[in-house]
Amino acid sequence: MYIAGIAAVLVTMALTLARAFMGPTVYDRILAVNSFGTKTVLIIALYGYFTGRPDFLDIALVYALINFIGTIAVLKFFEYGDLGRDRPSQPDDI
Amino acid sequence: MQLLLDAISWICLLSGGFFVVAGGIGLLRFPDFFTRLHAASVTDTLGTGLILLGLMLQSGFSQASVKLILILVFLFFSSPTAAHALAKAALHGKLVPFVKR
Amino acid sequence: MRHHLVLRVIAKLLIPLILLFALYVQFHGDFGPGGGFQAGVIFGSAFILYGLIFGANTARRVATPEVVRVLAACGVLLYAGVGVVAILRGGNYLQYRVLAATATGGEHLGIFLIEFGVGLTVAMIMIGLFYCFTGYRPSDHNNGTHPHDA
Amino acid sequence: MDIGSFLINAILLVFLAATAIAVARLQNLFAGAMLFGIYSLLSAGVFVVLDAVDVAFTEAAVGAGIATILMLSTIALTGIKHESIPIRPLRSLLLVAVVGAALIYGTFDMPRFGDAEAPAHQHVALRYLQQSGDEIGIPNVVTSVLASYRGYDTLGEVAVIFTAGIGVLCLLGGSRRRRTDPADKS
Amino acid sequence: MKHAFSLFAVLAGLWILLSGEFQTLLLVLGVISAAGVCWLALRMDAKDGEYPVVNVRLLRLGRYWLWLIKEIVKANINVTREILRPELRLSPSIFRVPADGLSELGQVTYANSITLTPGTVSINIKDRHIEVHALIQPAADDLQRGEMVRRLRRLEPN
Amino acid sequence: MQAFGLFNYWVVVLLMMTGLYIVTASPNLIKKIIGLNIFQTSVFILYITIGKVSFGTAPILVDGVSRYSNPLPHVLILTAIVVGVATTALGLALVVRIHSAYGSINESELQNEDAADS
């Protein structure tokens, strides 16, 4: 039965990959990468149960905790064109 | 009792799988970036939640369940934050949302 | 209204948790997957997240580049130093079993120390990389001459 | 051969190959860097399926943040977002085809997937698995080998990481150069 | 001081949950780690001069989460129905909802709750208002009725 | 069924060749580094594939399991990943400096400029 869950996640991975390849905008690709992270969490958790050794959830936990760092880097990149600054060059807030 | 738990757990896993796939289909079908964000959030919330809940029921009261709960809680903090950051980035990149009047 | 309210608040909540998780990975490498390399990278990531959201200069005030550099070196020295201590106690280089009264006790102690050294170095190098890439201004380095070559 | 693991592994590898080819075809550097994130996620999945949990952990930690951040900062610093057209793609394709064919020919002598009799599993690995529990006393064999049996290697690796860090520091200067005025240095 | 103590308690609790082992060595390391992280977090707070005031009524927070999960399930079913409809009938819209009467943490919880419910995504917080992108009209209407923000206001400490 | 046992190696070769193609055909230095990374990952997967034992589990000893995968490749690759990131960073730093010095990171433009200098 775990295999059904794994199959569902694999199918969704394929769909997400299709979105990542097609784009069309770069944001669609980032969205695909970001939700791919969730799918990886799921497949790692499911696979642990599938093989009967569910002690390796730490790997899934890493993704749950730090998968959004990349997205935030992207936000900084688009806002300032630089990852180190913390205030916008022009004060108008968006 | 064990049988009942098993049955509930399978139902959770299967319906979770259904929502995960539905999110994936939406990601592919929806017309623009902002609408796709909503589809991705189906996978991230209910799909993930149900699958992890199903796994929790399988392992009962154990270390693995605790970790699954932690994964779920952290995902519920980080995934909307990522979606928010992404939407902001897209607005900043002058991506115009497709809006029906 | 402050900028990026959601990111700031969520980062404030999550960064301590990620840091603690990194230390958990560091110290539980004996029992499950994990160890110095992974812990170092996760610790570094948490710090980089801080730098991304609150600005690299704020991050530099929390851990100054000097401290980062010194600690990175300390990690390697700790690793190498464990080997030297093993020699001083009559063993071979990096032979941990002479470090404590029992052979397995010595192995435990040695592995603990060198994993800590690895974690320290990796974390500090990752933070250092972030500092380097965010602190670089191309104008300082035009045509291969930087200010103090002159 | 256990079919379940093999199939999951095979599907993930197909995704991986598709992603790699997509990265090769993309002209937009930024999109390439993003797809590289998927590549890293997929390889972490493959590592879990192939029982290398420690490796998957490392890949997860590295791929989730640092790798993307390094790529993005470089693109930001150089300001180059689009790739120019490939140079002599046909010559490269020919090279790739010839080398690839030779390598494929070479794989026919490789042990089959999951073969327990393969030479790689016969020598030290067997000893580590059987004895490390008593000799080192910790359950994670990977940590035992990494830190104790192969401690020299790891020391070398740490030194390499440290050296690479120093190299980046020399190339991009830390903050020291910007803070101290060049005048008072001399 | 209260902030430091509660942070330490949370970190120590997380350590126990993660570790699940009660050897003396690991417990000692846990205390040291939690204290170290606590120190670093306070140092970060001191350097950037801001930290969220976490001061909510825990019981009501639990009730809010239960309500939110119920909403998430409902919203998921609605959005899934839209996804699986043979022809798409989306009516995306952008609007602003007021978030006054909420602390910063409250506003962030509000924004993230909006994003967590499929069908609505918060895209910006500005002038005590949250800009929302909604996928379908019912989701937008639900949010504009203001049930969520009312429940969040009740969580506020005073 | 036997032939499927080589599937992993074929994918590894495909990935390796993709990396090689990017490195040789793309003039852009950042893209070349991405290619190198793809190449590197293919080597990781090769090692880990060799370490896999059918019906074995992860080499973390527990009671009641006697069949583990080979831990040795895991050790080599685990360190290689972190070293890989550090060296990638070094490569990217070089790219940044090259860009400062030449104003371009296109291989053919760099060669032209070098030829003009000498």
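Letters A, B, C, D, E and F name the chains as they come in the text, with residue numbers starting at 1 for each one.
Rule of thumb we're sticking to: contacts are C-beta pairs under 8 Å (C-beta built on N, C-alpha and C of every residue); 3 or more make two chains touch, one makes a residue touch a chain.
Bear in mind that the values here come from a model prediction, so they are computed numbers and not experimental data.
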Chain of greatest Cα-centre distance to chain D: E
B-E compared against D-F, more contacting pairs: D-F
Centre-of-Cα separation between chain F and chain B, whole angstrom: 31
Averaged-CA centre spacing for the pair chain F and chain C, given as whole angstrom: 24
Chain centre separation in whole Å, for chain D relative to chain A (CA means): 18
Inter-chain centre distance, chain E versus chain F - centres from mean C-alpha coordinates, in Å: 39
Chain F, residues touching no fewer than two other chains: 57-58, 60, 62, 78-79, 81-82, 85-86, 89, 92-93, 96-97, 99
Residues of chain A whose C-beta touches two or more other chains: 13-14, 26, 30, 32, 48, 51, 55-56, 58-59, 61-62, 65-67, 69, 72-75, 77, 82-83, 93-94
Numbers and ranges of chain D residues touching at least 2 other chains: 53-54, 56-58, 61-62, 64-66, 69-70, 73-75, 77, 139-140, 142, 146, 154, 161, 164-165, 168, 171-172
In the complex, chain A residues that touch chain B: 1-2, 4-5, 7-9, 11-16, 18-19, 25-28, 30-32, 34-35, 38-39, 41-42, 45-46, 48-49, 54-55, 57-58, 60-61, 64-65, 67-68, 71-72, 74-75, 77-79, 94
Residue ranges of chain E touching chain B (in the complex, touch as defined): 14, 17-18, 20, 72-73, 76, 79-80, 82-84, 88, 90-94, 111-113, 115-124, 133, 135
List of chain C residues in touch with chain F within their complex: 31-33, 35, 37, 40-41, 122, 125-126, 129, 132-133, 136, 138, 141-144
Chain A-touching residues of chain F, taken from the complex the two chains share: 57-58, 60, 62
Chain B contact footprint on chain C (complex, rising order): 4, 6-7, 10, 13-14, 17
